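After this come two complexes, each holding subunit A, first together with subunit B and then together with subunit C.
Here is the complex of A and B:
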C-alpha cells in the first residue's frame, strides 16, 4: 500500500507505513475516556434556559422558584456572569473594517437567536437541573427577526446590532487583471447563481465540558472536548482574570471535532463562571437539540458567478459575488468571515487564468453563529469553480478532463502565485488528472453511460479539482491579533529502561496524530513503535502549541516530532560516543541499539545508555551531563501555507421520476506531500468525502420564517449513513513540501473540499440530456424534481 | 421523582441490585450508576446507535429503555463483550483496518456487528451496509467498517478472503448487463 519514496526499506523505516493505531484498542474495548464519561467528586451539572425567540428583548427574569427546587445549588443570569467574565469580540485586525458586537456567556438585555442560553441552573444531577429550568420565568418582548440574506441588507432592515449601524459584518473586494476585457471578447460566457445551505458538524460526542475551580489555589482545571486546549487556556485565563499558569485545559478522548470544537461557545464560558461561583466542578454536556441550536453552523452562501472562455476552452476570467450570512455576531476568536474570505480566494485556484474579480459580503442574521467547519470555504469555492468549468466545457463540446488539462497551472509555472495572492510551492494537477483518468477507467464509464442512456437510465460522471490550505503559518490568525499559535512543541524523553515518552502539542481525535508522531519519533531514534508512548492534550504537561486546525497536525506537528527526535538522537549519540570512546559521526541508532554506522554492528543498547546516565553518572567524565530529555519547538517559516491538491470523481445514477440519487462510486487522487501513514491518510480522505456527500445530498439546517430551526434532531436532520454511501477508491501523488525535512502537508479536509463539487457535476452530467441543471446543495429529491419540472 | 424503584439486572453476567428513579434510562443507569461508560449517548432518541447494548442477546437502544424495564433481564455492554472475548476477532479486524476514528460510535457498531454475525451469517457488503443503517459514524465514511465486518464474517465462515467467497462484491452494479 505504501507509495512512499521515503526509503521505506531502510533501517528503522516507519514513515510511509500503514501502522495501525495503538490507541484505538481501548476505544474498541469501550475504554475510551471522553469528557462525557468523567465524573469528579462533588461535581454539579448545568442546564440552560434558552430563548424561544430569534430576536427579542428580555423584559424580566424570575428565578426564585427554580432556586428552591430539589438539588439546585445555583441559578445564574447574564448579569451574574457579566460580573466575572470580560466580554469578547469576534474580530481580527487583518480583516479590515470587520465589525462584531461584544458577547457575554448568557444573554443580557436581549436575545439574538432561538436557542441562545439566557439562564443557567446548576444542580446535583442533570435531571434536577432540567427540572428546575422549567420553573424559570422569563418575559420576552419579540422583535422583528432578521432571517433572510436580502432582508438583512435592506435599507430599512431591522438592525441586530444597532450600535454597529448595519447588518454587514465584513466586505471585501478582489480585483486582478482586466475582468471587463476578459468577458467582452469571450467566445462563451456562462453565468449562474449557486446556493449552499447551512449545515453543521454533528459530532457524535456532543460538546462537553467540566470546569473545576479551586478557590484555595485560584486554580482552574477544565476537561474539555476540544481541538485546541492551549487556545482555551489563554481565553479562560484572560476573560476570567485568572493566572494563566494556574489554568489547565485537558482534552481527553474527543468524540469528533471537525473544526466545530475550537470556537468559543457561550455555555462553555458560562460553565467556567459557574464553577467559580459555586467552588465546585460543573459539567455541561449538550444534548442533541442543544447541539443543533448552539454548535456553529457552516456555509450558507449565495453566489452569483460567471466564467469567460475562449473557443478552445481556455478560461479568460471569472467574476464572483458571494453573500454569506453568519449569525447575529462573528464567532470568537477565529471570526465568522474566514469561510467567505477563503471562498473568494480559492475560486479558480487550480487554473491559470489571471483575470479575476470577487465581491464578498458577510451579513448578520438571527440564527446561530456560523464559523469554521471542515474544509472551510473549499467545498463552496470548488463547487462554483468546477460547475462553471463543466458548464463551459459542455457548451463548447469539450470533454471535462480535456477542459481541465488545458487550463491547469502546470509544472513549468511553479512557484506560482494565484490572482488572489495564494502562493503555491508546487502542485501536481497533471499527474492527479492522469491518475484519476486511469483509476476510474474513464473511457469505459463514458461508454457505459451512453449505453445506459439508451435504456433510459441517467448516470452521470462528475469530476472536481481542488487545492487545499494546510500547514498554516501565523498569516492565518496570528497576524490578525489572535493568540492562536501556528507553532508546535514537543518534549521527548528517555525512560531508564530505554523507552521514550513524547509529549506534543498536537492532539488526537481519532485521526491518528499519536500514531504518526510515534512513527516519526521511533524512526528517528531507531526504536520499535511500541517503545514510544505519545501524550497529547493537556496544557499542564504538553508544550504550548497550535494543536488541531486547518490541517496542521501532520505537517507542523510531524515536523516538530521529527526535529525533536533528531535532537534527542544527537544527545544520545554524543553520550554513546563518550561511553564507547568512538566518534559520534561513526555511530547510528537502529533496533534499539547504538550501532556502528558503516557495518550496523550493535555497540550499546539504548537501555544501557539510559541505565548509565540515570544510575551510574559517576562513571561518566566530570564534564559530561547527558541530556536525555529534549524540548523542541518548530514553526513554519517558508510559504505562508502548504497547499495540497487533488481531483475527485463521483459516479451517480439519478432517478428522474423520483429525484433520488444513488451514489455509485467516488474516486479521489490526492497529493498531501510525504505520506506518513497511507492507511490513515486514506481514512481521513474517505471520512472527508462522506461529509462532503452529506452536504451535497442530505444535510441542511432548515429555518422557519421567524428563525426557528425546524429540523434540530438526528431523526429530522439527515446525515450520511452506511446504506447510502459508496465505496471510495483512493490513489496518491506525493509532492513533498521542501519547507520541512519531513515534507508532509495536511490531508484532513481534502475529501470534503471537492466531494460536493464532484457530486453536483455528476448529477448535472446525468440530467444534462434533459436540458436542465441544478445549482443548489443539498440536492434533495424535492429540489431535483423541481429542476426536472415535476414539482 | 423521589420514589425509587428496586431493580435487579444481570449486567455482563453479574447480578446488580439497585434503587433507581423510575425515569432513569438504561443508558444513564449503565453509565452513571455502574460506570460502564463504553455505552455512549449521541441522540437520546434511538437514531444514532451509539447506545446499543444487548438485552437478552438482542441489540437494543439503551437510551430508549428505562432501567426498570430491564428488571429481571440480562444486559451485556461493550465491556462485557470485550471481557468474554466474544468480539475479539471483530475488534482485531477493526483495529487493523482502522475501522474507527474517534471511537464514539464504535461500541454501538460492534454490538450491531455482533448481532449481525451471531447466527453464522456471511452477509454481502450491501447487507452489511444495510445492517449498519442505524449506526451513525461521522468519522470513517463507513467503508472501513464494512471491510472489517466482512473480513470477520468470511473468517468465521472459513470462506476464502476473495470477493467471490461470500457474496462480498461491489455494492454497485457497474457493468451493463
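Here is the complex of A and C:
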C-alpha cells in the first residue's frame, strides 16, 4: 500500500498540484444556488425598521398602521420576539473578567447603534415589507452617544450598559522579562502612536437567511449563507428552545465570508422567531446599506508602542498599549475581544527579544459591533511591529533586511515559545527572508529608488514579516465554554458505479475547500478528481464539525479527508484481496483500478468491486461484509495552533503633491506547510493581500460625531478594485507540521496579515527623505497631504 | 431596497413625453439611461407616482454636424463618445472625458443628457460642456428653447431646467484648426467620483493662448468655470509663471466643499495641482485631439 501524500511523482499524486476547481464553471455560468435563489412555497419576506440614532430610549412604538397594509402578515417588536428567544451574552470564560450585556433579536427599551433593528415587518414581498416599515411610528428619546475611543473611558462618560458599571468590556495585561531594564540605557528608543480605522468584510454575496419552521414536527430548517452551519444549529436550538436534532442548517453556495458570516446577527435570530410566529418560511437578504450598518466591522485600534534597541540593532524589548472600541456589546458567540487579544499576543512574534509588556483595553462604543474578520489582529500587530522595526533600523542606519536577520527567531531555537506564550513548532524566517530578497531583486530596487529620488520621484520599499495562527485546537473556543467544534468529520462512500462521494464538515465559500478535499480523497484512493464529489454544509447530512474559520479548512479538514480516504482504501483493498484471492499488501489503487502494486498491472476496477459488493454479495464468503462507506473524525492534538510564517514586500510610488499612492508591486514569500494546491494557495494569498491593501489605502467606515455611518454604500466606502491593484508575486517555503500526516497549515489569512504593514513601511520609506512619516491607516490622500504639510 | 410602486409609461416622441408630463397628476420623473434614476428609486430617495421613459425617443439620438456645430442627441450614451468619429473630430474633449465616467457597464447605459440634466457636482460632462461653450436644446410645455451651458448649472442637482422640461440635445461649436483641449481628474480609484476634475478647451495663436475656457468638477456645489484663471492665461504663453499665476487665481474662482474624502483646503490644493498638470497637456504642440485619453 502506498499511502504517502508527500510523493509528487507517485502515480496518484494530486496533493501539491494546481488542480482547477471543479465548481468554478458552474459558478461562473451563473448556476450557483445561493440563499437568495431559493424560493420556498408560502415564503414571506422580512424587512426591518432600524434605529436612526446611535443611542436612544424607545419611548413608544405604533405598528397599527403598518399591520394593516397590503401584503403584511406580521409585525413584530423586540418584546414579541423576547417571548420566544432566550437572550445571549458575548463572553467566553477564558477571557477572565470580560463583560457584555444580554442581547435580543430586536431592540427592547433602547437602541445602542444607528442601524439597529427595532421592528420587523413580514410581508408577501420585500417591497411590501419596505412599504410597511415606512408606516411604523417609533418615538425615540435621544441619549448622549459614546463615539470617540477616549470618550468611552472618560470619568463622566455616558454608560452604554449601565448594569455593567463601566464602558470597559475587557482588560488584559501581559508582562514578560524586564521591560524597564530593557528601555533603560537602550541605544535607541522609538515611540509612536498608530491608528487603525474600522473596516468591514464586504462579501460579494451579502448575509442571507431563510428560516422555515414546521410546527407540526417542531422542526426548523434554516438556509443560511454561513461558514459555520453546525454552530448555528446549536445556537438556534438553544435560544429558541428547540431540540438540536430537529434543527437543520444548510449552507448552500456561499459568496464569500471572511469571518463575517460566523457571528450571531440580530436580524438572523429575528428571522428564526418570525418563522416560528408565522408558521411560514421567512427570508431576509441584507441589502448593501443594511450590510454596512449591521455586518460586523473590524479593527478600530489605537496603539501606543515603543521599541528599545541596542546600537547593533538587536531589539531589547517592546512595550505596547492597545485601546480598541468594539461596539455596544461583545459579539456572540466568539466575542469581540479576540482581535485585541491577538494583537497584543502577536506583536513582536517573528523576533527573539524576551522583554515585552502589553496593555489591552477593549471598550464599548455606540457603533455596530466589531468582531473576527480575516486575519483577526494580525494586520495590526505586524503593522505596529514592522513599523517599529523599520523606524529603529532607519535611526541606526541599518538596512531593513539586515535589521530583521539580526533579530528573528532562528532555526536552532525551535520549538520556541514567544514571550506571550505562543508555541511555535517550526517557522522558516531565514529561508523566507532570503527567498524574498532574491525574488524582488532587492539591490536593484534600491539602486532604482536612488535614481528616481534624484529625479524627484518618491518610491518606497516596505518589508513586513508575519506569523499566522492556523489550525486552532479546542484552546481557541472550546475551553472558553463555546460549543464550537475544533474537530471535523468526513464520510466517504463508494457509489455503485465506482465513484466516491465525500461528505465533510468543512465548507466551501469560494476559497476552494471542495477542490482540496477532492484532491486528497482522490489521491488516497487512486481515482481521478472527477470521480470524487464533495458535499458540505448541511447539518442533517454532513458530519458535525468546526467548519471554516481561523484557517482550519486545509489543515484540519484536509487531515480528516486524508484519514477517511485511507480508511476507505483499506476496506476496498481488503475486499479486493478476497475477490482476487491475493495478498492485501501486494495490491494498490491507481487510476480507478486495484492494481498489482509491484507491476502496476490492473486487477479489478473500483466499479467492479462496487458491483460485486452491492449486487452480488452472495458471491463473497459468508463472513465478509464489505464496508464501502467509512466515517472518520479528526481533532488537532499536538500544538494548540499550527503557526505559519512569511514575509511580504511592497513597492509604491507616492505623489507628494496629491497624496496619491501608486502600488507598484507586492511580493509574498509564505510557508503554510504542505501545499495541497499551489494555485489555490497563491489565490488565497493574493486575495488576502488585496484585502490588506484595501485596509492600507481605501477601506474605512467613517462615522459622524453623533454616530451615523457616513459612507455606507459602495460609492462611498472604497473597496480595493483590480484597477489599483499591483502584480502580486508569490513564492513558497514548505515546513510541514509534524502534528498531522498531511502536514498542511492554513494560508487564508497570510496575505492580509502583513500587506498593510508592508504598505505602510513602503510609504514611509518613500517619504522618509522629506523628514515625515505616517502612522495611520488607511493612508488616504488627505492624511498623506497632512503629514506632507499641505492641507 | 426595493422601489416604491410607481406607474410607468414609455413614449416614442418628445411631444408624447410632454403630453404624458401634462397629464401626470402627481410627482413624475423622466428616465433615460437610468444610471442615477434607478438607484435613487431603489433607495427610495425619490418615489414619484409616474416614471416617463424617454429612452426610445429617436429625435434625441444621433450625432450630426449641422451648420458648423455638432448636435449631439441627449440620449447619446457615454460609451458612444469613445467610438464616434464625429466626436473625435469635432468635439474631442468629450472623448477625453468619457473614460473617466464610472465603469464600462455604466457607460454603456448612461446618457450625456441625463448627466447634464441631473447636474451631480462630480459629473464630468457638465464641466466639459462649460469648457466647450456648448448650448443646450430644451423642449418643454412652453415650447422649445436653447440655453447656454454657462449659467445652466446652478447648484447641487440644480439646473436651469423648468419643471417638465427635457434636455433634448447638446450643441457644440465645431473644433477649430488651432483649438486644443485637455482633461484629467484625481479619483481615488478608476471610475470613482473625482476628488477634483478639470476640463480645458482653448485656441492658440502661435504659442500664445488666444482664448481658453477652464471648467472644474467636484470643486464646489456645481461645475464651474475658473474665470480668473482664464483671464490670467488669455493672451499669454503657457510659461511656468503663467501657470503658477493661474493656480493662484483658483482661490477666487472655486468654492470647494468638504466631504468624507477631503477638506475644502485640500480640495483647493488638489485643484491647483491638477490645473498645473492639465495645462501641461494643453499645448499648441500636442495633437488636436488632446494629449491623453
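Keep this in mind: the second predicted complex is superposed on the first by the 786 of 791 C-alpha atoms of A that agree within 3 Å, B and C clash if a C-alpha of one lies under 4 Å from a C-alpha of the other, contacts with A are read in each partner's own complex, and residues count from 1 in each chain.
Rule of thumb we're sticking to: contacts are C-beta pairs under 8 Å (C-beta built on N, C-alpha and C of every residue); 3 or more make two chains touch, one makes a residue touch a chain.
Computed from a predicted model, the values in this text were never measured in an experiment.
Q: In the superposed model, does subunit B or subunit C contact more residues of subunit A?
A: Between subunit B and subunit C, B touches the greater number of residues in subunit A.
Q: Answer with first, second, both or neither: which of subunit B and subunit C does A:785 touch in the superposed model?
A: second
Q: First (subunit B), second (subunit C), both or neither: which does A:102 touch?
A: Once the two structures are laid over each other on A, A:102 reaches no partner at all.
Q: Once the structures are superposed on A, label A:657 by its partner contacts, choosing first (subunit B), second (subunit C), both or neither.
A: Once the two structures are laid over each other on A, A:657 reaches subunit C alone.
Q: Looking at the overlay, what does A:710 touch: subunit B (first), subunit C (second), both, or neither?
A: Only subunit C; A:710 stays clear of subunit B.
Q: According to the stated criteria, A:698 is in contact with first (subunit B), second (subunit C), both, or neither; which is it?
A: Only subunit C is touched by A:698; subunit B is not.
Q: Looking at the overlay, does A:131 come into contact with subunit B only (first), subunit C only (second), both, or neither?
A: Both partners.
Q: Does the superposition put A:528 against subunit B (first), subunit C (second), both, or neither?
A: Neither partner.
Q: For A:723, decide between first (touching subunit B), second (touching subunit C), both and neither.
A: both
Q: If we overlay the two complexes on their shared chain A, which of subunit B and subunit C does A:25 touch? Say first, second, both or neither.
A: After superposing on A, A:25 lies in contact with subunit B but is clear of subunit C.
Q: If I apply the document's touch criterion, which positions on subunit A are contacted by subunit B in one structure and by subunit C in the other?
A: Residues 127, 131, 287, 715, 721, 723 of subunit A touch both subunit B and subunit C.
Q: Hey, which residues of subunit A end up touching subunit C in the complex?
A: 125-127, 130-131, 287, 289, 657-658, 660, 698, 702, 710-711, 715-716, 718, 721, 723-724, 780-782, 785, 790-791
Q: Along subunit A, where are the residues that touch subunit B in the complex?
A: It is residues 20-21, 24-25, 27-34, 36-37, 39, 70, 127, 131, 201-206, 253-258, 287-288, 448, 451-452, 509-512, 662, 664-665, 679-680, 683, 686-691, 713-715, 719-723, 725-728, 751 of subunit A that touch subunit B.
Q: Can you tell me which positions in subunit B touch subunit A when the two form their complex?
A: Per the touch definition, subunit B meets subunit A at residues 1-2, 21, 23, 31-32, 36-45, 47-48, 50, 77-79, 82, 91, 94-96, 98, 100-107, 110, 125, 128-130, 132-133, 135-146, 170-172, 174-176.
Q: For subunit C, which residues are in contact with subunit A within the complex?
A: On the subunit C side, the touching residues are 1-5, 43-44, 186, 188-193, 195, 260-263, 265-266, 269-270, 273.
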